[in-house]
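In the two complexes below, chain A is the common chain; its partner is chain B in one and chain C in the other.
So, the complex of A and B:
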């Protein structure tokens, strides 16, 4: 009976959601459809329904993509970004995870004050400290190095807080049992704590990946060598080049968007859980 | 020297005014099964955790196998522990949970397999070998926890209320399994429980605690028959011992509501001339309703009206008010009474206990 009552509401909701998603997806569909076209075709299809329909499959279907991948360094930029993201995911989990564990489970003086400080740091926008980070990296002589790029990005108050919120609910007796099983604290962290907290590890990984993938400002400050550039900077340099066609621009944007869409599609549950767990009740 | 010795152990938590455990002294022999019992917050788990090394010992000394262990890491104390909430590793299978400690101890793989096979076999976990804890029932999880403890060949087993999360039926069967395991392995076991039935049925000796202080240490029947104070008398035994404020004058005991009973010479000798206000205690099974007993204690016969009955199957518990106190009598299943029935009963005079009104120390 309850289900019957809900049915019309569900249908209305589904229709509304479908229309809304179409509305939001219009630019994406347009981008995807036109990324396979020549500039002439794009102009010709403009203001018609065809603007949302990809061209017929023929020999030149992937020309824009092939040009971008062969004539520019965009593939390298993407590989660079994936590499940075992988390193930052691993280091981020280790460093922020250990910090989160300490704040959740180890008793030390002023622990709660530290948590408060970290929570306060969460509201400081990255842009406000980017100058300090830049000066710091420059003084250390790390400009235009991978290390210089990665170093200030490892520690994330948000991720520390996320880890802490999840670790706080881990049962203490598992650690006690592990001690009697001759498990060292570090081994416990890697073989017990992280596997028991797969969701938060996935959440932090996703957030880190998206952060690195979408970041423009910090890599543009640190990197001057084109060998080390990231995808977002590559996108900017390719799209601002006068020789790049509209179709090629859309192909680059499509390529840079696809990983983000895949990540959201695969890990939407973790992203939601991550956000929920930061707001979860303490203890 | 005993196998485990606790000497004047104190525990005070930082910021607390009162000791959680106070002057705890105990000697445990190798192979003994000791149960710590007491109500919640009496310090029994704290004491166990101090033995395990998870709680710091504020004062006093702990010796295991002749070595002082106060500052030794838990893993180096030669102990294995079974936790109340099982504390299994949720992402590992039954087999991996059991073998994890052995792997960390760098035991050769063939030896690990042999030990894990043995544990899985004696605990009846064969068909769950590759399951993860979330796919096991409470009883199966507790068996895995036991398996994890027994494979390591440790000298001492510590069990912290291991059966409290199980249902009544499973608790009885696990009780038997733990007892059987203890007999098979011959390991020294310290078992914490708030359930006096568990302690009575499993332990060689019981330590009764209250507010961090040991009330009595003894064999189960010693505690049952000869409690040192009113607390132990009330805590051990189910249903609880009946208590009445009384006045003793010569061989006559007068209840607050005016009824009297006569004490036999045996009890008078134990009272050793003590008279005046005291607390009388008698167990439910020592209150008799049968004809033979009533004729035997004819002049001390009492009457009451049954207020409630509990039919246990093998016996009945009858509740009525006597001497101003709610009283329970354990009678045979053939002595059927209904609520509202007027009954005649008599105390078995040789089975009464007397406690000091103020200090609650047991005289008899």
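So, the complex of A and C:
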């Protein structure tokens, strides 16, 4: 569409934007470059442009990373978080997906009223109920357990609503045909409905993963001191340890960011569509 | 036969909806109801037997409590700094990226990177950036500006955290605005160009009106987001120095889960929720209004 040759104004704009993006990202560039350095090198480089350049590749290049992975429980915290995310993605899709399907396609009493209630529950911020949920989990003796952490996080009014909006446009005749074949409703849901709605399943999975991986408040309440910590809470306990050097801190926060960058690179289309749809739905 | 079928579909519906309903009641509806009920009592979780109904006393107490008022005022300050900076920043970035023709994709990714980083990670990173001998002070030194205390001073901690939050969040609203810009009908601009409209006129008469519902949405969601501020001060300053970054949600959190004063914490949570609900209602009214007008316009032209 555009001519191959760029107008000078376009080149100037791109160059200005590029400089702006470098300035915008200076904390991230600094983090990456210095996560490979000793504290002495970080301080020595601070006054020059070398502060933004990684050190030369040599034997001690990955020392900070190796120290964190071998001397602290950080690897375990990352594995914990991946495990919680996997459970919550599966349970979240099953529970919220089934509910979304019921609200979209199955005629049962007060269906429209439930939809309205779900939409109203979407407004309630988690911070309102976090104290009482913490009290619940504490009273049930589930503090410092996986159950206590996971149970309140499974259901999401937002995801139920999202599933319903997608399922509502699925054709009815497939459901009728499936019934004629005496296909059980549960089997039909898992073998027909979910595979037909790959996009929403992917979107919910990606956002569940990002939510679990990046969550701070709830895991910090449920997990006080144990092997069950998530990466974000582990990060806090590692960086507040006086023995941790600045370079090691930067290595930890780099490692904690790598999985979300990978997810973003793989699913950027779903993420951008998800973000844009929150805007267009409301706007 | 038909009735039997009806009943079985009802059962099926409830069976599908049931698991979600149980969890919704247990972990959303009941906590909400209990928050409201407890806000009228002096429920102290370490001694629940001594609970009394106290009416509106908690609400009078918190609005006379200096710490709660300070937390409330700090939250308002966060909102006042974050909302204009983040909304205008996101719009400007979206306009620039929409205009740029070279490496568009790179720019979209670059400004979105902080969004995918977690609050705790960004806070830990910026603690290093803001450190007295840190990289930001070094860079300021080259500009001839003295070293600043940033998060270690009661006057600068709040703006420092607010700027960091804008840095982290701006990419999200930028993507929303970009989506909106790309949805504008190019014929509108072509018509304006035939009338020799200037760039500013096109922006003022086409882009802004077309983006208005999106602006309302972004404005309200950023406001609610700033209202919910807690993790950044928790990680970076612990609410200090001298409670200068202590926020409303931080106060709810500490009163409820550290001091176990569930009654007081609940009344704070209700005040907080009221603000969020009112903001959401305003947003719904403002955008509904627009939709109604659009619908009326459409029916008129038909």
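Quick note on the criterion: the second predicted complex is superposed on the first by the 245 of 283 C-alpha atoms of A that agree within 3 Å, B and C clash if a C-alpha of one lies under 4 Å from a C-alpha of the other, contacts with A are read in each partner's own complex, and residues count from 1 in each chain.
Note that a residue touches a chain if its C-beta (ideal position, glycine included) is under 8 Å from a C-beta of that chain, and two chains touch if they have at least 3 such contacts.
Just so you know, these numbers come straight off a predicted model, no measurement behind them.
Participant: For A:262 in the superposed arrangement: first (chain B), second (chain C), both or neither?
Facilitator: neither
Participant: Thinking of the overlay built on chain A, is A:236 touched by chain B (first), by chain C (second), by both, or by neither?
Facilitator: Only chain C is touched by A:236; chain B is not.
Participant: Who does A:19 touch here: chain B (first), chain C (second), both, or neither?
Facilitator: In the superposition, A:19 touches no partner, neither chain B nor chain C.
Participant: Is A:53 touching the first partner chain B, the second partner chain C, both, or neither of them?
Facilitator: In the superposed model, A:53 contacts neither chain B nor chain C.
Participant: Of chain B and chain C, which one touches more of chain A's residues?
Facilitator: With both complexes superposed on chain A, more residues of chain A are touched by C.
Participant: Between chain B and chain C, whom does A:192 touch in the aligned arrangement: first, second, both, or neither?
Facilitator: first
Participant: Is A:140 touching the first partner chain B, the second partner chain C, both, or neither of them?
Facilitator: In the superposed model, A:140 contacts neither chain B nor chain C.
Participant: Touching A:40 in the superposition: chain B (first), chain C (second), both, neither?
Facilitator: neither
Participant: Check whether A:90 is in contact with chain B, with chain C, with both or with neither, and answer first, second, both or neither.
Facilitator: Neither chain B nor chain C is touched by A:90.
Participant: Taking the touch rule as given, give the residues of chain C at its contact with chain A in the complex, in rising order.
Facilitator: Per the stated touch rule, the residues are 6, 9-14, 16-17, 19-21, 23-24, 26-32, 34-35, 38, 45, 96-97, 99-103, 106-114, 116-121, 124-126, 128-129, 133-135, 138, 167, 172, 175-176, 178-180, 183, 213-214, 216-218, 224, 228, 230-231, 234-235, 249, 252-253, 256-257, 262, 265-266, 269-270, 272-273, 276-277, 280, 283, 287.
Participant: Within their complex, state which residues of chain B touch chain A.
Facilitator: Answer in residue numbers: 52, 54, 73-75, 79-81, 83-85, 87-91, 100-101, 104-105, 148, 152.
Participant: Along chain A, where are the residues that touch chain B in the complex?
Facilitator: Its residues touching chain B are 171, 173-174, 176-183, 187, 192, 195-196, 198.
Participant: Under the stated contact criterion, what part of chain A meets chain C in this complex?
Facilitator: 2, 6, 10-11, 13-14, 17-18, 21, 24-28, 30-31, 43, 46-47, 51, 94-96, 98-99, 101-103, 106-109, 111, 114, 118, 121, 123-125, 127-136, 151-152, 154-155, 157, 160, 185, 189, 210, 213-217, 221, 232, 235-236, 239, 246, 249-250, 253, 256-257, 260-261, 263-264, 268, 272, 275-276, 278-280, 282-283
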